[in-house]
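Below you'll find the structures, each written out as structure tokens.
Two complexes follow with chain A in common, the first pairing it with chain B and the second with chain C.
Coming up: the complex of A and B.
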């Protein structure tokens, strides 16, 4: 069979551009059909395919398909397809078009073989995705979108600077392993880091994702950060620095997520935590750890989309995703509840779900490579995930106290999308070999060893117990000293207190950093406006005398400098 | 040089380049009817553009053309000398002149009183004559004459604006322009006393054997500052925002696309083909001074642009910043730097003209260019504003547009020089551009339309075509860089190897 070596990303982008001209039915056909066509195209493309295009005196590598790019390309196209189904109920030209260009840019970046093309796609993901936030068409969303854009463009500018410096140093534009050391490599590293939501560079995720549209958030959660994960896996695999960064990312969002009320923001925090797992895997850099990171990203996109979709469905029907205003929805939205629970189980890593078989690889990687403490912290973080995503999300949305919403079940198209995603979560959990077969390296071990299943089950069970206790304790403070919990009450109470203090301190420190930033930015803005604004010295219209004065100053300065140089 | 046997039109192309618009202007003044004058001016400007294209092709094929005016051999007679640099600038100026002329009829009908329209076109052609003359002449004093021709007609073109402040702006420009021209002619005078010649090539040959003495430095000083006034180098830029803001739309577009570019051409001519980069950049600290001023322009003027409420002023301050990119490229005085400067001259002319033409179309429809009057006008004038957005993205330097190409080469030039700190300055300036362009696009596309914007619609076809054409060209030259980068690279090689 002769395959046409075209980057499926370009196909998506072209379809996205076309979509903004078409009526609704045409757009729907395109949004559904193009990812499928892209998938077929990608599968038909032989491994190791290379297409280059000479331009500007360089060879742009438009398409490079290898073991690492393939799973990412596949999952991005699947995510685009799921998102298309999920969005079928809405008629929004802007979003239909933006989401295809966005997904296409992500696919394009994954399959690009040189840094110049990477940069172009990198910027394109930023520019196209911002429309998904703007499409909420609220004042809050607009501000969030602008802050988001500043971060994203900042990442792009940094990447460009890094690429140029890197090219200057090495003479190579190839998008491949880069060793940290030179200024250029650090700039690239940081540019990836912003997109990957490194600690302290992360707040755009929690800021912008919850403000995006119902369908937009699903797409946002799938592409941007995972593109950064891919970029790290491509360029910085085995870079030890990523391990501590990843660990911090897995641990610190736990505290925030526990106290957050907006459930979509809780999911955004847990997104950070999940990215941490992937980065640790990449940082370890062994075959099994890389496999872990890649498969985790693969499964993560599905279950995270599923969770965002279920919250989107809730938001669509009830108009809110505040934990305090929801509850008891399982009666009116039973299917959504089931799908959400499946997603929650997956993210928590329950055996027989996709989260288990993939996270297990990363943990094994850490264990094998002798990173005991890392392994321990990751276990802690897993418990945290269980706490805030696995239990909190479904509990507060669908159970808990009844929020009084009596609504219809989610629209059929949403149910179909969630159903497919939920099915995929379980399918991968039961038949992990299907996923393992497309990973960059061969997987020999089955994830279902007795030890791993037992460890995980224990962990999860205790998490559930802890949650139950906390809820009880939190809701009914007077009932805390009940006899059957007496033995470990102290431990749990102290633990809760400790978590509370930690969370308080973390929030306080964070508020300090943010407040400081905001104050500095505000002051800088004031200062700039004072001097450069319409009334400032620079921005106001100068009188003629002042213009002539500057001409005199210039001629005097030039003459003096010139004569001084001849002395 | 022996005269050509018989009268062959091809041989006289250099003279025709200037004579056609000059005679055209005179005839234009005699036509009292505005529409008639426009038709005539269109024919003349298209003819001028055709001549420049033929010259460009001829120079690319056969090298530099030297033409002794009136049969007097240089250096005693006035020489018209078309090398690749001249041909490139002639091409930009004459095509800008022709394309804007297509657009001009409707806009001028709206903004200029019926009795003055013929005069307006006359002045337009005179200004075109002057600008082309500066670019084509090989004679330093003749360049001064053409500078005055273009400037005086430009003052008139600005003063014809409907807003009463146009007169004041024009007056301020006149004062500054005159100071600039005076400095220039003082510089030329010193050079003449030093070398006894006015011909650029001849001066260059005579300067080679001379030591760099104080008079020569004084000449460089006066020429540099004088031309810097004309090209609106920071902090000598302050005439520009008002002149751009209050002039008629057609004038602003023409001014933005051509006038500063020709001044930059003259600066390159003086620096590289008259004194030579060794004298200007190695003996004198020109690089340091120019880099500092360019960086101030790139950051300072961009910041000012962020806070302006008048769209034309936003674009005007952005022009000051963009001139900073070009002078930065010149200041680097290396191959890549000059390439980027020349490419940006072309690209900036392209995108700024497109932007100002689009703003002119808005003015035609709603009679205002204040930002809040443009709220939500995008969906009402979709084609115009889509073109505006494209050119705006190019201004930021988005990949795939012409603006990216020039910034890319500028960044490469800076790195080539080893001053990687400047890469971040370029990035910072682009980031500020994101703000000022983003602010415009946000208001235009995402706000609810106001009372004025409600009534707007796309302009007539004769105005729409130039806008759309230019904005598509912005994309075209973002991908196909044969005309821009390859030619600019050849010019840069020529300039750097020019004076031994």
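Coming up: the complex of A and C.
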């Protein structure tokens, strides 16, 4: 192991641990400086680097750098840096420390080369990120955090079981291609699936992310789910099952996003939709589709962070992100408005933005592979993205009816973070080669053909026109303060009744048992009271005396068992 | 635009009917230009459906309308009070 071959994830984790001991300025220097140091370290590490550590007769692969790990490592470190700038206004030891450990664990995981290391980092992302939800310090956030933790640890336990079975079946602990078939491979697949918010396993995202702190949500949106995308790309590239799963994920959240009132929750639904695009690319598995998935993840982390930052800024200034209470903020927060619109255009995939040059690769992958229905549904989902992230977010927060908030523009540090992110969205859109050059496979074609620019713009523009028609005709649904049920209803409502019924039955059974044995229990109680009660022989002894007595009894019992065993 | 920071009660630039209409007509003109441009370049459709004239315009419009109306219908099924989970 040379000095340079250190996993930058470990650097981040170490800095995170150190941060909780430092005063505010020290923590700020660490949160800003460590991602930069990590980036330099990662760039300086030669491609193909492999560092192993033999332990207990088994090789841990601490660092493996290849074409797939590199772009994910880079973007995670960039996300950590942007998040650090965005969080400079706050003085929260817990969050400063947790967010670095969380980001570090994500970086560590993508650069780890064996499943045991993956598991450790996988769990660390869960355990560290939950503090970003808890840090809201409300009852509501606490409950959401506990539910989030159950899902995350559930994924971890499943992953551990899968890894052990997989090791037993194949004798390999390498974090590489896994073929679906054995029980172990399915367990690993599902563990990744929970973290990637598969349909029906998705709702922890919408449940927990909107309850996290203003800065915490930005970090959460970047790391956990994209780590799962990386894991799928690493182990299940070309697994066709991912195509229908991904397509469902692109389509169903759009209907929920239309009617959701909490704008950070709208973004959380949008997150699932985006993950779907990536999974479809991974499922198709061709070079162009994998490039599509990886570049989409890269661009997505930036524009999604940007959108969550803009809504965070709104929440910070107005105290709410409910569409029904907002509107007209463009007057008081003009820069935030502009940055949010750039994020919205990017996620919708307008030409000259990062969304266009990345999502296009996945769509082209579907075209080349001849998947007509998949392609059609992805186009449909693109119109859906336009609806909830492209129009709804900026429109209801910054325009629409004036919500009456007269607030200041976002703090400078937030504006800088949003400005850098917005700049990156446009830079990647105009110079896609900069991103293409770090993808796993070579990209030969420019995304900017006349046809693709015209057709995508037509699709999106006529979506906007449809919005105009509906809103002018008064047919667009009003924003209503509400809770929309989702799969969490099963455990938050039905589950609670179920537990209630169980408790009732347990009480009933207990009463039955006690009723029948009352006489016997009464006698036992009397016996105990006689010896241990205020007047009992044992009751008058000192606790140390009792301890000595019972220790003697136990030693005697052990001796007897021991002798009996020897004989 | 002289009134950069409108006083309370005074409608902002984007809140005046005249300006909203302006934005709307610009959007419609842009849509018309886009549609016209379809006939100015050579098409390389991957799927037969792309050969239908103005496919992307119709699809984008209808998909959007469908999503919004489906969302409205979904509300009937899953919408509850805001404090649904907080009640005991």
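By our rule, the second predicted complex is superposed on the first by the 469 of 567 C-alpha atoms of A that agree within 3 Å, B and C clash if a C-alpha of one lies under 4 Å from a C-alpha of the other, contacts with A are read in each partner's own complex, and residues count from 1 in each chain.
The rule is simple: contacts are C-beta pairs under 8 Å (C-beta built on N, C-alpha and C of every residue); 3 or more make two chains touch, one makes a residue touch a chain.
Computed from a predicted model, the values in this text were never measured in an experiment.
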{"item": "First (chain B), second (chain C), both or neither touched by A:550", "value": "first"}
{"item": "Partner chain(s) touched by A:558 [first = chain B, second = chain C, both, neither]", "value": "first"}
{"item": "Touching partner for A:406 - first (chain B), second (chain C), both, neither", "value": "second"}
{"item": "First, second, both or neither for A:380, with chain B first and chain C second", "value": "second"}
{"item": "Contacts of A:142 with chain B and chain C, given as first, second, both or neither", "value": "first"}
{"item": "Chain B and chain C contact sites that coincide on chain A, given as residue numbers", "value": "none"}
{"item": "Sites on chain A touched by chain B in the complex", "value": "55-56, 119-120, 123, 127, 134, 142, 146, 149, 153-154, 157-158, 160-161, 164-165, 168, 183, 528-529, 532-534, 536, 538-539, 541-542, 544, 546-548, 550-551, 554-555, 558-559, 561-563, 565-566"}
{"item": "Residue numbers on chain A that touch chain C, as the complex places them", "value": "140, 254-256, 258-259, 328, 330-331, 367-368, 370, 372, 375-376, 379-380, 383-384, 386-387, 399, 402, 406, 450-451, 454-468, 470, 472, 475-477, 480-486, 492-493"}
{"item": "Contacting residues of chain B [partner chain A, same complex]", "value": "171-172, 175-176, 179-180, 183, 212-214, 217-218, 220-222, 224-225, 228-229, 235-236, 238-239, 241-242, 283-285, 289, 300, 303-304, 306-309, 317, 398-400, 411-412, 415-416, 420, 423-424, 427, 430-431, 434, 438, 442, 446, 479, 481, 485"}
{"item": "Complex interface listing, chain C residues touching chain A", "value": "5-6, 8, 11-12, 14-15, 24, 27-28, 30-31, 34-35, 37-38, 41, 43-44, 46-47, 49-50, 54, 56-65, 67-68, 70-72, 74-75, 78-86"}
